[in-house]
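Report on the following structure.
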Amino acid sequence: MHLTLLASQFLIGLSVGMTLFVVAAGLTLIFGVLRVINFAHGSLYMLGAFLAYSVASFLGPAGFWPAMLIAPLVVALVSLGIERGLLRFIYDREHLIQILVTYGLVLVFSDLVQIVWGTGFKSLAPPPGLAGYVTVWGAALPRYNLFLFAVGILVAVGLALFLYRTRMGKICRATATDREMVDVLGVRSSRVFAAVFVLGGWLAGLGGALVAPTVSITPGMDVTIIIEAFLVVVIGGLGNVWGALVSSLILGAGESLGVLFLPRLAVAWPFFIAAVILIIKPSGLLKSVW
Amino acid sequence: MSGKRHFTILAGLVSLALVAALVAGCGRTPAAGTGKVLKVGIIDAYSGPASSYAKDALDGFKLGVNEVAANGGPKIDFVTRDDQFNAAKDLSWAKELVMQEHVDVVAGLMNSAGALAVASYADQQKVPFITWESMSAQITGSHGGKYVFAMPPNTTMIGNADAKEMAGLPYTRYWLAGDDYDYGHSVVNSFWAALQKDKPGVQKLGTSWWPVGETNYTPYLNVIRAAKPDVLFAGTGGADMVSFLKAVQASGLNKQMAVLDHTATDPSTLKALGADAPVGVYGTSDYLSYYPATNANKDFVAAFKKAYGHGPGFPALYGYLTARFLGAAVQKAGGVNKTKLAEALSGMTIDSPVGPVTIRAGDHQLETPMFFGRTAVQAGRTTLVMKNPVEIPAAQIMPSLASVLASRKK
Amino acid sequence: MLRVEGITRSFSGFRALAGVGFDAERGRVTAVIGPNGAGKTTLFNVLTGHLKPDGGRILFQNNNIAGAKPHQVFRLGVARSFQLTNVFNRLTVLENVQVALLSRAGRSGSLSRGSLSECAARARELLDRVGLDGWAGQNAGRLSYGDQKLLEIGMALAGRPELLLLDEPTAGMSPEETAATAGLIRRLPGEGVTVLFTEHDMDLVFGLADKIVVLNQGLCIAQGPPDEVRAIAAVQKAYLGVEA
Amino acid sequence: MVRPAGLFSSNAGVTAPGPYGGAWPSVGAGAVLLFLPAVLPDYYLYLMAGIFVAALLAVSLNFILGYGGLLQLSQATFYGAGGYAAALVLTRTGLPFWVVLPAGPLTAGVLALVTGWFCVRLRRLYFGMLTLALGQLVWALAGRWYAFTGGDNGISPIPLPGFLSSPRGGYYLALVVMLASLAVLYRLVRSPFGLTLQAIRDNPVRAAGVGIDVQKHQLTAFVVSGLFAGLAGVLHVVVAGSVDPSLLDWTKSAEVLIMLLLGGMATFIGPAVGAAILVLLSMVLGVYTGYWLLVLGLILVVLALFLPQGIVGFLEERLSEKNPADRAVR
C-alpha cells in the first residue's frame, strides 16, 4: 500500500468530516445552550438542500452562489418559526418529550417535502469553477470537496469568533455552563434561545445546501444525516462545539480509512467508531458543557 | 390503584379502538370476487427516496388500466398502500389487502425483502402476485410459485446482460463495487459469475461496498482509482445512482477507466443530472423511451406524456405491462377467478412497446430484452442519452429454467 | 471506630484534600467544621465512596475502606445524608425508607412482595423516629425542604449504621425543625450510632459535638473537645476569627 | 420523566383490594378477548395479534425507561434479536416450535447482557447514544450476513406448526404470552426489585448511598427488559411469518417510543394502550391517506405539548380526582 494513497484517503476523510461538522455544530450549539435535543435538525438540513435546488434551478446557470446564500436564510426563518411556535414550550420538559416532539417534526417535514417538491430525482450542479478535480499525491480530489473543507474551516473560525468575541457569543457560553447566568446578566433568555436556535438552523440549512451538489436530493436525506450528526455531538461531548469538530474529523477520517482497510464494513464503521469511543470515554472526548 | 383496573382500561380502550376500526372497515364494500371487475391491491414505497419509481410505475399501471378498458377489455379497480419501503409493513398490507379488501391480485413492491415475504404469502393464499419493481432473482427463484410473477429483469438477468456485452470488449482487470444491499451484491455476483464463463482469464482486483444512501463516494473512488483497474463495475441503483455518477464526474473516474453500472444510462437518472452527468459511462437499461424507435414505443410514450406531462421510465413500462397482462388474463380466464388468472398469466405473450414479451411458463419471469450502450451528449438535448443502444434479446439473458427450479428445492 | 489517615484528593490540579487525618470515637458525636471550600463535602464523599481518594487510608473498624464503592460502604455500616436534599422524589415517604431497609437486608433484588410488607412496620417505626409518620403516603418530592432532610436521616438510619455521616443536617431548616433535628442527633449515640457531621451553625456544633475537627484548605488544622478547639489560635485565625 | 399518576407512586408493597372490589372487570375483559375470535373476521384477529405483540414490546421498553429511567433508544435491537433467533431455529433446525419460545428471549437476553454491560457505565444521553450505536451495529450485521441471516432480504417464509399458521392460532398465542408477560412484569414492578429500580431512576447517587449496587441493578433490569422484547420478537414471527432487518432498525425503536408517549410512561398499562392506538392508527389511516406520517407527526407534537402524561396517564388523573381516596395510602 502506498503512503500517498493513505495520505490522500486521510485528506478526503477530513473533507467528509468537515461537512459533517457544519451540520453537527448547529446541533451541538442548540444542545449546549437550549438543552433541547433537536431531532428535526436533519430535516432542516434536507430543507436546505431542497431549497438550494429550487433557488438554483429558478435562477439558472448562475444560481449556485445565490442558492448558497438564500437557502440557509430561509431555513433559518423556518427555524425561528419552529422555536417560537413550538420548542419554547418544551424547554423545561424532559429529554424524551423533546425527542418525540422533534421526531414528530421529522415525520411532518418528510411528507411536506414530498408534497412540495414531488418524487423525482433532483440534482444541483456545482458551479464551473468548482467542478472537476485537482491531483494531489496522485489522488483525484474533487474541487468541490476541497471547497467543502474550506467552508468547514470558515465555519469553525466564524463560530470561534462568535463565541469568544461577541457579546452574544459570550452570553451563549455562559448560558451553556450556567443557566441562571443569563438572568443575572440581565438578558432576556428567550432572545438568546431563539437566536441560538436560528443560528443552529442556519448551519443545518447551510450544510444541506453545501452538500446538495454532491448528492441526489431526496426525501430520506434527513435520517441519513441525523444519526451521524448525533453520534458526532455525543462523542464530542454534549454541547461542546470543538468536541463536535474533533469527532467529525475522527468519524470522517475513520470512515475514509475504513473504506481502505475494511471495505466490507463501511456500513457499520461509524457506529463502531462511536461505540468504541463511548466505551473508552463514557462522557465524550471533550468536556461536556452540561 | 390496582393493576386490575389498568387491565380494564386497556381492554376498554382496545375494544373501543377495534369498534372504530370495524366501523371504518365496514364503510368499504367488498366488491371483489363478485362481478367482472378485477380488484388489484398495490403496495409500494410512495414515500421516501424510492417514491419516484413507485409513482412512475403507478402512472404506467393507470395508463394500462385505461387502455384495457378503452379497448373493450375488463374493468380493473385498484387500491394503493404506502409501505415506506419497510418490509414488515409490506406483509401487513398484503394481509390487509387479501383478508380485508379481498383483492384478486396483489401488485407493486420495490422492497426486495417485502416482495419475498409477500410472494410466499400470496402463493400460500393462492392470490396472484406481480412485482413490477423488485429485481431480486429469488422472487421467481426460491420464493417462486404458481401465483408469483415478476415483470422487471432480475439481478441474474442484469448480470448476464452486462457480462455478455463486456466480454466483447478488450478489458480484463475489474474492480467490483456496489450497494451493500441485496441488489448490489446479487448484480455483482451474477455479473462476475457470467463474465468468468464468457471470458475466462478476467481478473478481479478488489471489491467495495457502500451503504445505501451514501452521501460521499470520493473515499471509495479514490481507493478504486489507485488500484488502476480497466473497468469499475458498480451495482448501484435508485436515487443513489445520481450521487454515484456525480462523484464519478467530479473525480474524473470515467476518463481513467471504463465505468459500468446497470442504471447509469437510465433516463430518470440522466435527467436529474443534466449537463453534470459523466460522458462515456457504460450502462444497461431495460427500457428507453427513445429506443426502439418503433410505432408501439412511440405510441406508448406519446400516450404517457399526454397523461402525465413527462416521459415514462422503466417502472412505468412494468406498471403498464402488468395492467395489460391482467386485462388479457381476465379475458382468457373468462372472469376473475384467482387460480384461473394465475394459469392464464403463465406463458402468456402480449405485444409491448419493446416488442412481444412473454411470461415464461416455467418460472413466471417476464422475458424482456435489455439495451446496452454508453452515455453521450446528443445535439439539441439538455440531458445525456444512451448512444447507439444495442438490444440484447431476452433469450440471451434469461437464467436457465433448470437452475431456477433447482433453487426452489430446499 | 473511624480513623482517617493522610487522605488526598485533587480536582484538575486543585487540592481539595491535602492529607487529612483525624479520629472519630465510637458512641460520640464528632463535628467537622471549616470555612467554605475547606473540603468538608469532598471529605464526606471520599468517606462514603462517592469519590475515590488519590491517596491515604480510611480505617473503619480497622478495615481500610478507601476506594470502596458507595453501596459497599453502606453495607459495612456507614450511612450518610447529603448536603443538598437527596430523596427519591417520585416514591412515597414510606417507600423511600423501605428501599433503604431492603438494601440493608440485602433484598433489593428480591421479587417477593412479602419482603415489602415485612419491612413496612420497621419503616413506619423509623418515620416515627424522625417525626415523619404522618407523611408516609405522601410523595417524597412534595415534602418541605426540612422534612426531606429528616427523611434523609431516616433513610440513613434504615441502614442500622454504626457510623452516620450528616452533611449540614439543619441547613435551610426552620428553628423548630432545627431543634427537633438536634434532639434526634443527641439521642443517636445512646442507640449505638456514632455520628460525624458538618455544620455552619456554630451554636449547634458546640452544643452537640463531643469532638470537633477543623479543616482548612484541605488540611486538618485541629481536633479535640470543643473547649480545646475553641482555644487554639490557628482555628481562631482560620475560621472563628472570620466569624467574629 | 413525567409526573407519576397513581400506580407505582402509591401503595406499592401493600396488598390492597382493587377499588372495584374483586377481579370481575378483569375476568370480564379477559373473557371478551378470549371469545373475540368467534365473532371477528380473520383480518381483525391478525390486527389484534399485532397489537398484542406491540403491546408487549412497548411495556418491555417502559420497564427500563419509565421505571428504570434509562434512556434506552434501541429497544428494537432485542425485539429483532428474539425474532431472528426464532426464525433461524425454525428454518434451520428441525427443533419443535416450543423451543423458540425460550430461545428467542434467551438470545435477546444474552445480547442485552453484553451490550448492557458497556452501557450502564454511561449516563443519560451518553447511555442512550451507546445503546443506539451498538444497536445499529447489530442491525448492520443482520443486514449484511447473507449466509446466516439472509441479509437485507430477511427470512421468509418461516414454517410454523399447523395450529399457529392461522390468524386465530397467532391471536391466541400472542394473547396468552402477552398477558402472562405483562403479569410477570407487573409483579416485577411492584416487587422490592422494582421499587429499588424506581428509586435508582429517581436518584442514582442517593440509591448508591443507601447501599444499592446501582449498575448491577440497572444491568439486571436492562436484561429483563431485553428478554421480554425478545419474547415479543418471537410473537412477531408467529404473527407475521417473516423477519427482516427493519425489525432491528432505530426507526422501529422510535416507533416504540412513540407508543410510550401516546399511552403514557408513568403508568404500567399506558404503553400497551399506546401500542394499540399506534398499530390501529397506522393500519386504518394508512388506508385513507398516503400522508400517514404527516398525520402521526402532528399527533405527536400536539400530544407532547398538551398531554405529555399520555392518554392513560390523563385518564388516571381524571379518575383519581374523582376518587381522592385512591390517592391516600390506606
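A, B, C and D are the chain letters, set down in written order, and residue numbers restart from 1 in every chain.
Here is the rule we use: a contact is a pair of C-beta atoms (placed from the backbone, for glycine too) under 8 Å apart; a residue touches a chain by one contact, two chains touch by 3 or more.
Remember, predicted model here, so these are calculated numbers, not experimental data.
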Just tell me the minimum hop count from chain A to chain C, counting one hop per pair of touching chains. 2
Which chains are shared contacts of chain B and chain C? D
Based on mean C-alpha positions, I'd like to know which chain lies farthest from chain B. C
In whole angstrom, how far does the Cα centroid of chain C sit from the Cα centroid of chain D? 41
Quick one: chain A and chain B, Cα centre-to-centre, how many Å? 34
Could you work out how far the Cα centre of chain A sits from that of chain D, in whole Å? 33
What residues in chain A touch two or more of the other chains? 110-111, 264, 267
For chain B, residues that touch 2 or more chains besides their own: 47, 180
Applying that definition of touch, give me each pair of chains that meets it. A-B, A-D, B-D, C-D
Touch list for chain D against partner chain C, complex: 1, 3-4, 9-15, 187-188, 190-193, 195-196, 198-199, 201-203, 205-214, 217, 220, 327-330
Please name which positions on chain D make contact with chain A in the complex. 1-2, 65, 71, 118, 121-126, 129-130, 132-134, 136-137, 140-141, 143-144, 250-251, 254, 257-258, 260-261, 265, 291, 293-294, 296-301, 304-305, 308
Quick check on the complex: what are the chain A residues that touch chain D? 37, 86, 89-90, 93-97, 99-101, 103-112, 115, 223, 227, 230-231, 234-235, 238, 264-265, 267-268, 271-272, 274-275, 278-279, 282-284
In their shared complex, at which residues does chain B touch chain A? 47-49, 51-52, 54-55, 180, 206-211, 213-216, 218-223, 225-226, 239-243, 246-247, 249-253, 256, 268-269, 271-276
Chain D partner, complex, touching residues on chain B are 1-15, 17-18, 20-22, 24-25, 28, 46-47, 79-82, 84, 86-88, 91-93, 95-96, 99-100, 112-114, 116-117, 120-121, 124, 136, 138, 143, 180-182, 185
